[in-house]
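In the two complexes below, chain A is the common chain; its partner is chain B in one and chain C in the other.
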Partner chain A sequence: MENRLEYDYSVAKLFMWSTLLFGIVGMLIGVTIAFQMAFPSWNNWLGEYLTFSRLRPLHTSGVIFGFTFSGIFATWYYVGQRVLKVSLKESPFMMGLAKFHFWTYAVLMTVAVVTLWMGVSTSKEYAELEWPIDLLIVVMWVSWGLSIFGLIGMRREQSLYISVWYYIASFLGIAMLFVFNNMEVPTYFVSGAGAWYHSVSMYAGTNDALVQWWYGHNAVAFGFTVPIVAMIYYFLPKESGQAVYSYKLSLLSFWGLMFVYLWAGGHHLIYSTVPDWMQTMGSVFSVVLILPSWGSAINMLLTMKGEWQQVAANPLIKFMVLASTFYMFSTLEGPIQAIKSVNALAHFTDWIPGHVHDGTLGWVGFMIIAAMFHMVPRMYGKELYSKKLMESQFWIQTIGVVLYFSSMWIAGITQGMMWRATDEFGSLTYSFIDTVTNLFPYYLIRAIGGTLYLTGFLMAVWNIYKTVTSSKAVAESSMQNTTPMGA
Partner chain B sequence: MTVGELQAYGYFILTALLVFLLYGYIFHLYRSQKTGKRDYEKYGRIALDDDITSEPVEPHTKKEKKGEA
Partner chain C sequence: MFSWLEKNPFFFAVGVFLVIAFAGLVEILPNFAQASRPVVGTKPYTVLELAGRHVYIKDSCNACHSQLIRPFKAETDRYGSYSLSGEYAYDRPFLWGSKRTGPDLMRVGNYRTTDWHANHMWEPAKTVAGSIMPAYKHMYTNVADIDTAWAEAETVRKVFNVPYNTEIPLQDGTTAVVELKDLAAEKTKALEEAAVIAKDMKRKDIEAIVSEGKIPEIVALIAYLNSLK
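Entry: the complex of A and B
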């Protein structure tokens, strides 16, 4: 019986498909709103349902809570079993819990998409969902936590691999952030005002802003950084056959990141009404944050030491090495923007979405795509359908990311300079519409960059679909490191 | 002493303490490795030898007692 024991990927597969589905939907909406910025008349095509304001939360929720979190859960149910050396098959309870986790997630995401599209929103950025859905999120999240700690309780491997620490941190971090930021008052039940599902934040004014950006920035930490680091610490060593360069550095970076990240959110509120020392603290901790971030990223690049030929030979390694590089790039750019004098120019400009997207497209997106390419052949016992297709996808998406962030750099700095420009009497030189008309070419370039990235993503989905349906069968036991792939 | 001054002292002491803890942790990691108390680097193998039939890098004791490892 023991000899025939194998890992169970059924839940990992379900989450993988939802990663792909939300990737397509979320990115398609992203491209649509990028074009709307360039061509505002596109807002009017479908009444209220195609306006930028309605689609923007759908885009952010789709790519964050849909694409990225599905990717996190998919990789957890794959990596978690493997590094703990325990199978979900060993416990019907854990198996049931994992399935419950997926289906609760599927239901709540469906409700989220529908309500956001209908315009039901708390108007808190990245926390737009109303209280009944928030309660469902708690159920879903707790079931993930139980699955993490349940698998840990069953483990054969005494020590928790560094990726598991990162998954745990992601679970605990988001749990704490979510609860405090979503403290909301259901207006109907308190005062009889508004619909039954309507709520307002428990905090007011500056306090609300502080909690919101403590949440907002750390959602980046525990959604876009910590679990993605968990992925790269497993998938890069596994795919390349090289153990992580320094395990000690991985531990040190972990604790460094845990401590520093939580204090950096104040940089979103520089020159606002929050106390000055908090703004300064946000700036300082943002700069310190470079150290643990680069600690992980350099550790990953050094893992490839003596094995750099694999970057040319294996497209999965290409994706991961570039992801790691974009992580370094983005975690240097963020602290630069958090410096008060730079922030005075950059804040509210297009440089900010530029920064967000070199992190999300280059780091998060590439890492999740590489993880899917690594997992699919092992989960389905097939070789990857086409290496050539992956190579082309890599270059199309890389060009897309470069077009995105470079256009937004220029747009953002142009905007910032124009907003600040004054004549010899101290009057503003430009009105707002002057900046808008000036930025048209950059908005167009951004939309084209996004279209390229989406095209690449569709190629990945096609590649995975063909892998599952018509690729050559390969035994999982023969896939130790480099993923087998057809021409 | 004003509240502001108290905050400043508290902030400084906390920062100094955390810096001490951080460097203490680095020292602890390297000393444990050097004196042979714990080989941290072997844990990197967990990701590589991850078949369900692979020998655990360090078997979990509970499972071992049950004879399942």
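Entry: the complex of A and C
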């Protein structure tokens, strides 16, 4: 192209800062509740407002809807313009819409944090918010959708790049899941009494569980997998200067993932009261899910073919290659846990949070951090402040993740084995509390692992802050592939 | 076909939507009507029990306690007979939980008493040595929201035909009726039930609060926990 497009990063920047802010808050709460499991007296430092049970939904919502979704939106407003070859500057309407998107998001997240902390909750995991906030979420989400399809409508590049497929899927998937799982009846409007914001679920019991885990599992799909794959398909080839290894493999893994993922929700309900055939479907499709997941991951790793020296030379490539590796690891571990006999042991134990966190810390967290490192210099026209800091951050966080999942494996399997252990007469060997006190060392190791990860994240935030405020200026046009970075 | 789709965003999006919507239709819809039928003996919650259920949700008890007994001997030995779908017919939302940091509570009403809960929630580690559960002392002073509980009962009665004021068959062949009157009458009734629980809690401070016409959250919560059988 003869004239370089001037991209507008103002909204991407706003979302980047909220990514960092929610990262700090969400992970800090996570570390706090991890320590509370080892040292329960920490629960009661602030009356009802610091108990594990109040903080847990704040942690999950903070890192999912705060950190991860801010990261998704930040990368969308960066990647979207670039792969579609349009600039937000070209359309005041699209610009206004993007700003509206951010500020609706900011308001609703503030309300969400406050109400969850006060204990206003529907109890459904990752869908705890009450109906007025749900409506705000719909407005926010629709404005993101308009932004996606608006920019697509203006595009100069005819073919949609792979990342855009994934952003579209993420938008549609979450929209569908969110609406159906949050069907609720506001009680005040029916009965004329009580709290105006209270509602009751449209579904009861087993049906409610089915809809919730269809949502819960696939919120992981369209929040933690699909948009993160969108990121890696853009940032890894761009940073490394390598073409995506195989177009066919990306096709197969995209459509495969879309079709298979939704069936697997049933694996959260194995041995529950949902019909047996659904449990079996959930189990079988979870195993099939290895194919499209590994398809994407292998496609990314093979993109580095012949250029592996970059892993040693460039910390951003390190983050992304390790992210792909954790993605493979986590998408193998998940299907194993979905096998019925394994699930009988693993369900309800600490192995589950262990599995969640090797995915979220290793894959989602690392990928978002790498994306921020790639975008900041280009958005602010500065070189990254310190390569050394990134290198040490990488190792501190990696050790953190390893401590986290290995301790939770041991804890989970210990717990599962102790719950089912019987003596020679067939009586239960352990009372429940024995299984709790036994886990202290693992809870402690996990909390230390979490602290290391948080420390690394704070180093990233510092690095980005210094990049913006006091790093050497570099023209954006000169940044082709490897991100410029200071010692 | 795929390269054509990639140039036509509308059809691309429609395609993605069809592919992702398919599983939900096949897995969730067929069983919807059947799974919501109650088993014999399942009763709707009283207003006080619902208020307690709201406390359970407000403090996310479900973050650490399940309400789902799986069909294994180790589980039925520990918690009682395994869960049946119809037992949850009036649970909106369901509270199965996803983690057992503490034990299952599906049938806790069968083996724990009011004063056990009263002591335990005040300082768990003193009742169960080694417990890592937080103390919930704020529940002894916070007042339960009976209005909202009544509003929910009234809503599910009107919207979902939950059988209040109706004869419900029990397992022994007899029937029972769970009444749902107007708000004022239900408040009086809840207060009477609360007074009984407060007495069983063996705590003078709670009795004093109830005699002032207010119901502390802990009383409602215990009413709910006692109903779990």
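Keep in mind that, in the parts below, the second predicted complex is superposed on the first by the 479 of 487 C-alpha atoms of A that agree within 3 Å, B and C clash if a C-alpha of one lies under 4 Å from a C-alpha of the other, contacts with A are read in each partner's own complex, and residues count from 1 in each chain.
To be clear about the criterion, a residue touches a chain if its C-beta (ideal position, glycine included) is under 8 Å from a C-beta of that chain, and two chains touch if they have at least 3 such contacts.
Since the structure is predicted, the reported quantities are computational estimates derived from the model, not experimental observations.
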| item | value |
| --- | --- |
| Joint occupancy of chain A by chain B and chain C, clash or fit | fit |
| Chain B versus chain C as contact partner of A:244, first or second or both or neither | first |
| Chain B versus chain C as contact partner of A:156, first or second or both or neither | first |
| A:6 touches, of chain B and chain C: first, second, both or neither? | first |
| First (chain B), second (chain C), both or neither touched by A:14 | neither |
| Which superposed partner A:259 touches (first chain B, second chain C, both, neither) | both |
| If touched residues of chain A are counted for chain B and for chain C, the larger one | C |
| Contacts of A:83 with chain B and chain C, given as first, second, both or neither | first |
| Touching partner for A:477 - first (chain B), second (chain C), both, neither | first |
| Partner chain(s) touched by A:321 [first = chain B, second = chain C, both, neither] | neither |
| First (chain B), second (chain C), both or neither touched by A:230 | neither |
| Lowest inter-chain C-alpha distance for chain C and chain B in the superposed arrangement, angstrom | 7 |
| On chain A, positions contacted by chain B and by chain C | 158-159, 251, 255, 259 |
| Touching residues on chain A, where the partner in the complex is chain C | 36-37, 40, 43-44, 47-48, 51-54, 56-57, 119-125, 149, 152-153, 158-160, 165, 168-169, 172-173, 176, 180, 185, 187-188, 190-195, 198, 200-201, 203-212, 214, 251, 255, 258-259, 261-263, 265-266, 268, 271-275, 278, 281, 285, 344, 347-350, 352-353, 415, 419-422, 426-428, 432-433, 436-437 |
| Contact set on chain C toward chain A in their complex | 2-3, 6-7, 9, 12-13, 16-17, 19-24, 27-28, 31-32, 35-36, 57-64, 66, 68, 70-75, 77-78, 83-103, 125, 128-138, 142, 145, 147-152, 154-156, 158-160, 183 |
| In the complex with chain A, residue positions of chain B that touch it | 7, 18, 22, 25-26, 29-30, 33, 40-48, 50-54, 56-61, 63, 68-69 |
| Chain A residues touching chain B - in the complex, by the definition given at the top | 2-3, 5-7, 81-83, 85-87, 155-159, 161-163, 233-234, 237-238, 241, 243-244, 246-248, 251-252, 255-256, 259, 277, 477, 481 |
